[in-house]
Structure formats: structure tokens, C-alpha cells
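Every chain is named by a letter (A, B, C and D) in the order it is written, and numbering of its residues begins at 1.
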Amino acid sequence: MRKVIAILLLFIIGYYSLDVLLKIPFGESAGGVGKHYLESTIKETGAVNSVTAIVVSYRGFDTLGEVTVLFLAATGLGAILYDKKAKKRALQNASVIVKTSSKIIYPLIALLGAYVFVHGHLTPGGGFQGGAIIATGVLLMFISYRSFETNHKALSIIESLAGMTFVTIGFAGLIYGTSFLQNILPFGIPGELFSAGIIPLIYIAVGFKVGAELTALLDNLLKTIK
Amino acid sequence: MSPVHFIAIPLFAAFLIPLAGKVSKELVKIIPGLVLLYLSFVSVTLFPIGTHHPVVEIIAGFKPPFGITLYYGAIAAFLTTLITLIGFVIWLYSYKFIIREPIEKYYMLFMMLITGSTGIVLTGDIFNLFVFFEITSIAAYSLTAFLRDRDGAEAAFKYLLIGSFASTFFLLAIAIIYANVHTLNLADIAVKIQDVPVTTRLFVLILFLIGLGIESEMFPLNGWAPDAYSQAPSPVGAVFGGIVVKAAVYSLMRIIFLMFNSHDVLHFLLVMGIITMLIAEMSAMKQQQIKRMLAFSSIGQMGLVIIAFGIGTEPSVRAAMFQMFNHALIKSLLFFSAGYLVFHSGSKKISALDGLGHDKPITSFFFAFGALAIIGLPPFSGFWSKLYILLSIADAGLMVPVVLILISSIIEAVYYLRVVSRLYFYKEEATDVRRTPVSGLIAMGILTVVILLVGFYPNLILNWMTPAAADLLNKASYIKFGLF
Amino acid sequence: MIYYATSILLILIGMYAVLVKKNLIKIVIGLSIVDNGIHLLLIAIGYVKDGTAPIFSKPGLQASQMVDPVPQALVLTAIVIGLAVTAVALSLIIRLYDHHKTLNINKIRKLKW
Amino acid sequence: MNWLTIVVVILSIVLIIAAVFAVYQKDLLLAVIGTSAVSVVLSVLFYILQAPDVALTEAAIGVALTTIIFVITIKKTKRFEE
């Protein structure tokens, strides 16, 4: 019965959404704000990658919100899974080969993550991707070494400081410029590493923050109950 | 001084709290209070400016529609002030009420919830609205499960499930809007959506109604609310009733008045409001647990607010805003006092409250006070808002809603007075030696004073409601200021 | 066109899982499939025929020949939000399992609907 | 119909099959692998749609992290659907 109702409902939703979507022309060149962003990214933000320019500069406020959402998830998860007695992770020790190779690979992954978030304004990628890559590297260590511990204190300090840096950069824009999160630094030469004003700074802060948050999140998940 | 403080400062505090926790546990509790005090200071300075002339704050230095803007008009001024005030009393109340670890995380979630809800109220960009909506919702899910007991986790999961469904619809609506008008700025969308085919607009409207209606507790999407309200810690119940729902209703109304302002839509709202109100009040009647009863009453009150918005005239919108204000205050008071009544009686059941009026006179007094105020008896503020809503509906020439509202008020009176009479006219059983902490009493005291003050001088608030109603109804001025 | 159809199908499959499935983890899987569908839809909306990625990596790239970057920026945000919701949902599931020792929604009192 | 269209059609079909598999599979671990397959294919589609940023994010977050947290949860709860 429930299945029939669900399928009927979904059929209606599907029909109408297709009906609406078919009215949208597919593959036409960007109009509206998208066109404006493409035409003036370099001029207005100094970034070569216009997706990054939008994420960090034009819609930087969304990114602040996005960072908050991740922080919120890490906090909420910590609150929901909170336990007075700290638990050990219940994973087996891996074989020597895995251990040795992950020891070698781990710094490389961390380096790759850092590269991705530092070059966010030039190449695809940025703070979130870089942070996620770093967290996967730490996970590799978690899996291979039973005793591998992250420094919780340091993680939470990094998290906090990176978040505060983001907000502070925002306020700096308000104080030294005219609006919150305004790009107050010189843009430099587009395409070079040290360009695009505050974009790399924000992405570095985001990268650290996301890396620390996701690591803490994984650690919390791995350690709780059972 | 700029409106962005409302969003950035609590966020900064949320990031700061874990650092402060390394220094001292007490600091963790104090920081949110300081932040909210500062925000009330910001409110006081900005309020006259915003009500007089909308302040449009640009983020990141790009002119709308290219950058994100914050729109601090009369209604946003009113709602941010309300959120700050309620947030402050909730903090006061939580100070001694939340004794369960992790206290640090509780305050972080609380601060981010304030960020999210002020963000919802202030933002002038639809995707940004979505982001803040998610912030508010995720904080709310986590706070619901804060006690980590069985029922809390169930309620939170149910809330999360329905909430994620809602945000899915919301995101789909944004996608379709962007595909059609290629802009995300609310004012810009309001201009351009007129050229969009009618069927598309209807579809988007339905998506919005589902997406935002869930948080606004509209029938039939409010299944999460009773569980979430009753299983969360008591101050969190006040957070839902006083902050989250208000922000959600505002955003729904803003979108409807900006994009789909037609009589049919408003009539639909009216009908939904009536159904929501009647069903909720009748369910409240049957409840055995006090916080569930309050939750249903809260849904019923939101139904009343939606009815008033659905009339869509200037006096009715004004009355609706006034009702939102009153409901936020009174429902917080009720949740606060109920929290300690439950704590003292040791049970969530209404039947366990027998005779507490003699044992815990002050807390019981606050509850009785709140009950009388929410029913809408004369010297309290609730009376005025209900009266104005009824008058405005009668003015619009609709008699059926008036009768239905009166009937639901009677139902409301019955179930509230039933609880109050249990408090006072039943025999005292056991006495509880624990006392209600002073900070909780102060929080309730502040609310009581404000309710009485507004009850005697309704014009104090009502005068500010007039520009707020105009702000919501006047689409042209929103577009003019929102786009420069 | 095929992208629109695919994304709508994905959304519907996910919603079907959320509405019909009894297993908590299956429901969350359904939610993440719905999310994926919407992400695909957004990116498809921004696509420009024969366009290039919106990165001015070499000289000579025309702005008019690039795909719309806005939906991409939105999807970036939406993906992260989806991860956050999934993480919170799964932590709630761990709590629920701890209390009930089951993932079946029918055996958990309040989650029946 | 050029070759890219054919690739897209095939990928879309794989996408749908993976999603259906994820919904119907009783073994949750396999179902999660189904969702990560959805993410992998999506990530390729994003690349074809000229969205390398999104493709990278989907690969890092959708494929890796989401799958990992699902697997951890399944390990802590139950592997088979009743």
C-alpha cells in the first residue's frame, strides 16, 4: 500500500519536474549573473579560476556558511556521540606492508592536499577538496596503526583559529575597505601563486579548518560505542 | 556598525568557545551571554535606522545582484531584535539548566543556531538563505538529540529526515529558479520571475511551500515538531518556538510576497493556516505530556499567524507580526517554567504536576502567567495580538475564520487551564527540596515583565509593527532598495 | 536533455528509498542519492554546448565559450552541506542502534509514520 | 550522435543501475559501494560537463569521505537489512 502511494506520488513529482525542466533550454551560453562573473572575474578578483572567484569572493559569505555547516556537523556529531569514557578504536593492526607504505604515502597525501588548497585560485580545487584529501590521509593512518592518535587539543585549536581567521579576514574587509569579506589586498598578476588578494588566504584557512574538522569527525565516529 | 555583526559575531564566538574551554569552563558559559548582550546593543543602535530606511549591506564589495547582500529593513530589524532578546533569556535560563556534558558543544550549537536564524532573517540572496537554513536545521537536529537518550535520538532522526527532505525541495526550487532567471538575488528574482511560465512558477511555489513549510510547522508537514519539542532539553524547546519557527515563517512569507503575490496563494495559506490551527489545538487537548502539549499549542499559534498572513492586508500582517512577537515571548516563558516543573516533579506527565503550585509557587506562578497570556486574556500582551488578528480578519469580510479562531481559543483555554488547575487545586504530594536556580527565575522574570509591559502598552510594539508590515507588503520598495 | 532525465530519475529513486525503505541506513543512502541527483541537475543547467571549464588557464579562452560557473559554485557548497547532514544522520543512527539494537524503522516506536 | 553522447548515455545508464542497486541491495555494505559507484560516475559526468572543480570535490567528498563514514556506521551497527 505504502509502496503504491509512494510510487504514485513520485510519478506526479517526476512528471511535473520534467515538464518544468523541458522548458529550460539546454546548453545555451551563460546569461545573467553567470555571464557577468565570467567576463569580470580576472578584473574584479584577480583569480584565474572563476569558480573559485565565485565561491570565495563573490559568494564568499556562502563559503563562510559552508565552513560553519561542517563545523556544526563536527560539533553536533561530537555532542551526539559524546561519551565520558574515551574509547579506543576497534580496528585491527594492519600488515607490515600496509603500515610501511601508508607511512610513506601519508606525507605525500598531506602535501597533495596542501597543494590543492594553496592553488585553489589557479587550478581546480580549493580549501574543501584539499581538506578532504588531508582527512583521507589521516584515515589511512588510523586504519594502519591502531595506536596512531591525533592530537585532539591541537586539532581543536587549529579548527578554532582557522575559523576565527576567516571571520577576522571578513572584518578586516569591513574595517579597511567598505564591506565584510571585501578583497582588500592587491590582486597581483593573475595566474601567479601570489595573486588574487585574500582568496588564497581564505582557502588556506578553509583548508586547515576542513582538514582538522573532518579528521576530528572521523576520529569521533571511529571511537564511539562498541 | 553594520548588520553583518548579527551573523559574524555569534559565529566568531562559536569558533572561540573551544579555545575558551581550554582556559576555563566558566568562560564557555559566559561568552554566549556577552555576545548576545553585544548583539542587543547592535540592535538598539541599528533599529531606528533600519525601521526608518532599509539598510542594504553589501558583502565582499560587489554590487547586487552580483554579490550577496543583507537586507536590514523594518521587519528584519524587528526579528533580529526579537531573536537577540529571546536568545539572551534562553542563555540566562540555560546557564544553570544545562548541566550535562558536553556543555561546550551545547553553547557552540546554540551560537551557530543564532547565526543561522539571524542569517535567514537578514539575507537577500536565495542560495545564501538555503545555507543559513541548513545551519539552523543542523544545529536544531543536534540540539534535539543533546540529551542522548532514546527518545531524543528518535525525535532528532525524525526531524532530520523530514528536514533533509525539505531542504532537498528547497534546493530543487533554487535550481529551477536559477535556470529560468539566471540570478540568485531575491529582489532581482522578484523582478524577473514575472516572465517565467505560469506552470513553472506554480511548481516552484509548491516546492517552496514544502521546503519552508516544514520548518514553519504548517500542516501536514509538522509531524516532527511535537517529538522534537518534547524530547529536546527545555531551553531548546524555547529555541524552536521562539527563534527557529519565527525565522522560517518570515522567510516563507518573504518569498511568497516577493515572488508569488496573488490572491489564490494567499487563500491557500489561509486555508492551510486554519487546518493547521484546528488540528493542532485538538491534538493538544489529548496530550498527556506537558511539553508535547506546549508543542501542539505552538503549532496552533503558528497556524494563527499563517492565517493572519494569508489575509494579506496591512493590518493583518501587522497583527501577525505582533502575534509572532508575543508567541515567542510567551512560549519561551511556558517552556522555561515547564522545564523546571518537569524537573521538580520528575516526570513529563501532566498528571505528575498535582499540587506543585504549593510546593514551587514561583515557577508555577510563571507557568500560570504564561498560560493566561497565551490564551489571550486582557491584561496580557497575547490579548492584543489576538484581538487585532480577529479585527483584521473581520475587516476583510471573512467571518468563518473568526469563528474558528474563537473556537480554537476556547479549546486552548480548556487545556491550559486544566494544567493550571492541577498545579493549584490538587493535593500536594511529595515536596522536592531542590530549588529553581536564580538565573532561571531571572530569565522568566524578564519575560514576564516584558509581557505585562506590552500588555499594558501595546503601542510600544505595535508602532514598530507598522513599518514592518509595510516592509513585507511593499514589494516595489524591496526591489528598489535591494537592487539600489 | 539526457542529463535532466537522469537527474530526475536519480531524485525519484532516492525519494523512493526514503519513503518506502524500512532500514535507517537505506534511508540515509536514499537521501544522498537525492542530493546527487540535484547536483547533477544544477551542473547540467549551467552547461554550455561545446563550452570549456570556467578557468582562464591559458590565454585565448573566450568568456562566452565557457560554462556557467554559478551552478558549479552552488554545487560545491551543496556537496559539503550534504556531507554534513549525512554525518549527523549517521551519528544519530549509531545512537539509535545503541538504544534499540535494530535498524528497522518499524521496531523503533516514534519513527513510524 | 557523436561518441561523447554515446559515452554520456552509457554513463547515465550505469548511474541509474548503480542507484537502483544501492536501494535494493540487502547487504548494506554492497549498497554503500553502490552509492559510491554513483558518486564515481557522477564525478566523471561532472568532468564531461566541464566542471572540474565539482568533479574533484565529488571525488574527494562523495566517493571517499561519504563512503567511509557509511562504512564506519555499518561496522558499528548491522550489516544486513532485515
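Here is the rule we use: a contact is a pair of C-beta atoms (placed from the backbone, for glycine too) under 8 Å apart; a residue touches a chain by one contact, two chains touch by 3 or more.
Since the structure is predicted, the reported quantities are computational estimates derived from the model, not experimental observations.
Where touching is counted per the definition, the chains common to subunit B and subunit D are A, C.
Here A-D and A-B were compared by C-beta pairs in contact; the pair with more is A-B. Distance from the subunit A centre to the subunit D centre is 19 Å, each centre being the mean of its Cα atoms.
Chain centres here are Cα means. That of subunit A falls 30 Å from that of subunit B.
The distance from the centre of subunit C to the centre of subunit D, each centre being the mean of the chain's C-alpha atoms, comes to 10 Å. Measuring from the averaged C-alpha position of subunit A to that of subunit C gives a distance of 16 Å.
Multi-chain contact residues of subunit A, defined as those touching 2 or more other chains: 17, 21, 24, 30, 33-35, 37, 49, 51, 59, 62, 65-66, 69, 72-73, 76-77, 80, 124, 126, 128, 217, 221, 224-226.
The multi-chain contact residues of subunit D, meaning those touching 2 or more other chains, are 51-54, 57, 61, 65, 69, 72-73, 76. Shown for subunit B are the residues that touch two or more other chains, namely 127, 131, 134, 138, 141-142, 145, 148, 153, 156, 172, 179, 182, 184. Pairwise, the chains that make contact are A-B, A-C, A-D, B-C, C-D.
By the touch rule above, subunit B contacts subunit C in their complex via residues 127, 131, 134, 138, 141-142, 145, 148-151, 153-158, 160-161, 164-165, 167-168, 171-172, 174-175, 178-179, 182, 184, 223, 227.
Taken together, the subunit C residues at the contact with subunit D in this complex read 2-3, 5-6, 9-10, 13-14, 16-17, 21-23, 25-26, 28-30, 32-33, 36, 39-40, 43-44, 46-48, 51-55, 66-67, 72, 75-76, 79-80, 82-83, 86-87, 90, 93-94, 97, 102-104. The touching residues of subunit A, counted against subunit C in their complex, run 2-3, 6-7, 9-10, 13-14, 17-18, 21-22, 24, 26-30, 33-35, 37-39, 41-42, 48-51, 53-55, 59, 62-63, 65-66, 69-70, 72-74, 76-77, 80-81, 122-124, 126, 128, 190-191, 217, 220-221, 224-226.
Partner subunit B is touched in their complex by these residues of subunit A: 16-17, 19-21, 23-24, 30-37, 44, 57-62, 64-66, 68-69, 71-73, 75-80, 82, 84, 153, 156-157, 159-161, 163-164, 167-168, 170-171, 173-174, 177-183.
Touching subunit A in their complex are the following residues of subunit C: 1, 3-5, 8-9, 11-12, 15-16, 19-20, 41, 44-49, 51, 53-57, 63-73, 76-77, 80-81, 83-85, 87-88, 90-92, 94-95, 98.
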